[in-house]
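Beneath this line is the structure, given in structure tokens, with notes to follow.
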Amino acid sequence: MIGRTLRWLLFLLTVLLLNLPVIVTVLTSLKTDADINASPPVWLFAPTLAHYRAVLDDPTLDFPRYLANSTVIAGGGTLLALALAVPAAYGMVRSGAGARLVLPLMVNLRAVPLVVFAIPFYLMYQVLGLLDTRLGLALIACIINLPLSLLIAVNAIAELPLEIEDAARVDGARTRVILARIVLPLARPMLISAGILGFITAWNEFLFGLILSTRNAVPVTVAATFFTTSFGVRWGDTAAAMVLSMAPPMVLGLVAARGIGSALTTGAVKG
Amino acid sequence: MPAPRVIRRREGWLLIAPLAAFLVLWLGFPFLTDVVYSVSQVGFTTLRQPRLSGFGHYAAVLRDAAFWHAMGFSFRYAAVETVVQVAAGLALAVALAPILSRHRFLLAFILLPLMIAPALNGLMYRLMLNDFVGIIPAYLGMLSLSPDLLSTGWVFVTVAAIDAVQNTPFTVLLVLAALQAIPGELRDAARVDGASAWQEFRRVVLPLLLPVLGIAGLVRFIDSFRVFDHIYVLTGGGPGNETTGISIYIYKAFFQQQQLGLAVAASMILLLLSLAALSLLMHRSLRGAVA
Amino acid sequence: MSVRLAARGLAFAAAACLTLAAGRARADVTLLFWPGPESQAMQKVIDAFNAGPGKTDGFAVKQLLFSRTGYFDKELADLAAGSKDFDLALVTTYTLGRYVPFLSPVGDYVSAAAQQAYAPAALDSLKSDGALYGVPTDISVHFLYYRTDLIDRLLKDAAWQKEYAAIAKARLGETMTPKPPADWHWDDYVATSLFFTKSLNQASPVRYGTVLQLKNLIFNVMLWDDTLVADGGNWLTAAGKPEIDSAPTMKAVRTYLTIIQDHATPPGSIDYEFPEANQAFGSGQVATMLQWNAAYAIVNDPKQMPMTAGHVGIAPMPAGPAGHKTHLHSLGIGLNKASTHKQQAGMFLTYLATEPAMEIYAKAGGTPPMPAVLQGMAATHPDFALVAKEAAQDGYVIRGGTASTAMAIYTLLAEKLSAIWSGQVFPADGLKSVQQGMASVLKP
């Protein structure tokens, strides 16, 4: 009983501490400029929706579009990365091919500051007509996500028991069937985690979104910086834009969290 | 225990082929361009006509004290972040697993900090750390503390803490997912044998979590090593060059000093160093899994 | 089979991307700008043009806004790659040199008569090798901001004046009396800042005497340059050699260090930039501020800064042996060399360079570089009168400030100065390494 209470207390404290910036952002988005500039800072204030209105009504901005851009870019890039990584990971783990070369090379991709690829990508995309397109940015998101997706997939598949696969193979199932029917369901919690983390990484990407988009494919992270002007940061508007931009990944987190948990109940496939 | 190989290498390569093809297609040109840039005189006016000039940029980078200073910062920063985030993430995941597996939607509240783009997170901390209107100095003031959080001496702790608060959920999520995959029978068996909760954790759970902790540590190390956004927004790499890590060094060389060749050479050196380190590391840690 | 799996994923991703991608109608002439008050004011000018001259000639101008965070890098990438997405683009004094290779000169679109209307320094600030590469539209200078209530009392109250003299004697070793801010030398600024610092003077009604912006950031170098130039220094000699390792530089560094070491500026100043300084001043806990003219509309606005609105005084930056000096830079509109609508773009530039256009711009919140327009609005905008005066009298463009190397030098100075302010390096060592760094940046 005491243990349970302590656990809940820990949960609450953790959530409060980790989310301090989120809480401040939400509060800031609801404050008037005078309240934001109040010294010392105030917790109790008359909330205003003016900043949300300013963000959504600005005729030079199109927030629904930026949100759609980011969703397509991050979602497309994440799914594509998983679609490429899972079969490759299976191939590496079950045949030993490429593990020494491809895997470290891939992980290395994540270690390089991406800024040095910005100009070459710009020149390439200019020729291919992919500048300022969601497709172009989604393909970059895929590259950014591949290392983690592959790493997690390799690990998850390596941990899977072989017996079920062997049984299926004896029954004559081909690799494609084994991947779809056995590996995917068994590795699901880890793959969903990889998907969530990948989506969030891609959602938060800033540099390529900045350099490679101009008007059609502008992602929401870049759009949220539109309120940093040479007259200072419009904190309230920025905070409102940030809250809006947190909503889609938040929904995804809620949905996907169920997916992670539900692996518990599919006990039948447990080793 | 090396994993048994149950499919032929040829089929293995076939499975890897789409990934490899995508990378060659999509990264081939940018990578080759960068290789050429790194051995050329090149500026923004000559992006399409770099003039080959040998390995001077590499020599210049290796001689540049600022490069090594930046590498040093990145290394220290990554080491601290990795230890803190993996330890905190593991502890939180294990302690909160009973709650989170019963009330799955609560996981979203733990993940929420990840959903702020680091660049915007840094921006909000400019407000939160403000001497006059920020809540952090205000609360520390109530405790009669007034550490000068962005000054020499404190700034490393400050930017590291911001990162840890934002990214610890990454490890929590991975560990939780791995916990779900531990067969209940194993734990039951341990309990039947009369093991205490701690013994059960030490002997049964922790060994099974090691691979995922390895991944979390590796990824956090790499991501922290090339940290850029929140530090750049918050301190611009300062005071002085105190928080200038390798990404800020390269970014400034690239865009602000327009030393394209130098910036690219620096990242090539980084690439080679990390490739060497990674090959060694992964050869060891993933031997059980893949080699 | 794995290929098919991947192909399915690819097709899905591609379909998702394409279904939602839709082109937007392209305006005849596109102007790349950043969001904020300047582009909002510019929109009013564009509206007037599109309703008038543009309509007659059958084309329209449209703005394309791009995030100010990383704006210069993005613009550089676009221009260098020969993008045709925009015809006109915002250029600035400090980035001009980097863009010049990708711009067409615009002098032909601004007649000699029209050029008379500008503050000469504004035109100079957008020239490279004698040719004009941007039609100036907005001008920035620095002011000394002060709290009128506090300074008025200092100029009247005998007890305060006695304390002021005592602090000046103890801290600066000089015999000083308070003067009105318009007559301040750098010593007066320092003495007043120390006087209003609570840790040095219990009677001070505010906590800090001033607020400096010390973050490792190029804009903060521009502010400090005023101290340097007033003291008779500069980045380069007239012959173009670095002269930053000099006596005037050291003096300008000491001025800032005195303020920092005596805690007359808030502790977080080491990471302050424009908004943080305004928040400090606007909190009512700071007596003076060295700041851009744009801050006037913020710290004097009762909605944003109720503590200071109505008590904000402005004066020229404090003087040194070379007099009052303020950095001056312009935003202007440049012409993309790759543009395919140069004729129409040029017509808009010609319109921009007229007093009526700049009047619309000023009324919408901009600060145009035309003294007559500024003076005409001085009744409603007290800051405009001072901008006009400063631009004409005290404004300078630092030597090398429009060259292609300007950004590299600013970056270098930003880092080394911030290292000096935070005590990481000794001033002499820091300046020596700036001098070396500058020499290597300037090496052909």
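Order as written gives the chain letters A, B and C; numbering starts at 1 within each chain.
Methods note: a residue touches a chain if its C-beta (ideal position, glycine included) is under 8 Å from a C-beta of that chain, and two chains touch if they have at least 3 such contacts.
Quick caveat: nothing in here was measured; it's all calculated off a predicted structure.
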Legend entry - Chain contact graph, described as a line, ring, star, complete graph or other shape: complete
Inset, instruction - Return the chain pair with more inter-chain C-beta contacts, choosing between B-C and A-B. - result: A-B
Legend entry - subunit B and subunit C: spacing of chain centres that average the CA atoms, whole Å: 36
Legend entry - Between subunit A and subunit B, centroid-to-centroid distance (C-alpha), Å: 15
Inset, instruction - List, in ascending order, every residue of subunit C touching at least 2 other chains. - result: 2, 6, 69, 73, 81, 275, 279, 283, 285
Inset, instruction - Would you pick out the residues of subunit A that each touch at least 2 other chains? - result: 37, 39, 84, 87-88, 91, 119, 123, 142, 175, 225, 228, 233, 235
Inset, instruction - Return the residues of subunit B touching two or more other chains; collapse runs of consecutive numbers into ranges. - result: 14-15, 18-19, 22, 47, 119, 126, 132-133, 255
Legend entry - Contacting residues of subunit B [partner subunit A, same complex]: 3-9, 11-16, 18-20, 22-23, 26-27, 29-31, 33-34, 47-48, 92, 95-96, 98-101, 104-121, 123-128, 132-135, 138, 141, 165-166, 168-170, 173-174, 176-178, 180-181, 183-185, 211-212, 215, 218-219, 222-223, 225-226, 228-229, 246-247, 250-251, 254-255, 260, 263-264, 267, 270-271, 274-275, 278-279, 282-283, 286, 288-291
Legend entry - Residue ranges of subunit A touching subunit C (in the complex, touch as defined): 32-34, 37, 39, 60, 68-69, 72-73, 75-77, 79-80, 82-84, 86-88, 91, 118-119, 122-123, 126, 131-135, 138, 142, 174-176, 179, 207, 210-211, 214-217, 222-223, 225-233, 235
Inset, instruction - In the complex, go through subunit C and note every residue touching subunit A. - result: 1-2, 4-6, 8-10, 12-14, 16-18, 20-24, 34-39, 43, 63-70, 73-74, 77-78, 81, 83, 85, 274-275, 278-279, 282-285, 294, 297-298, 303-307
Legend entry - Complex interface listing, subunit C residues touching subunit B: 2-3, 6-7, 69, 72-73, 76, 80-81, 98, 101-102, 214-217, 266-268, 270-271, 275-276, 279-280, 283, 285, 404, 407-408, 410-412, 414-416, 418-425, 441
Inset, instruction - Note which residues of subunit A are touching subunit B in the complex, please. - result: 7-8, 10-11, 14-15, 17-22, 24-25, 28, 36-41, 84-85, 87-88, 90-100, 102-113, 115-117, 119-121, 123-124, 139, 142-143, 146, 148, 150-152, 154-156, 158-159, 162, 165-166, 169, 175, 189-190, 192-193, 196-197, 200, 203-206, 221, 224-225, 228, 233, 235, 238-239, 242, 245-246, 249-250, 253-254, 257-258, 260-261, 263-264, 267, 270-271
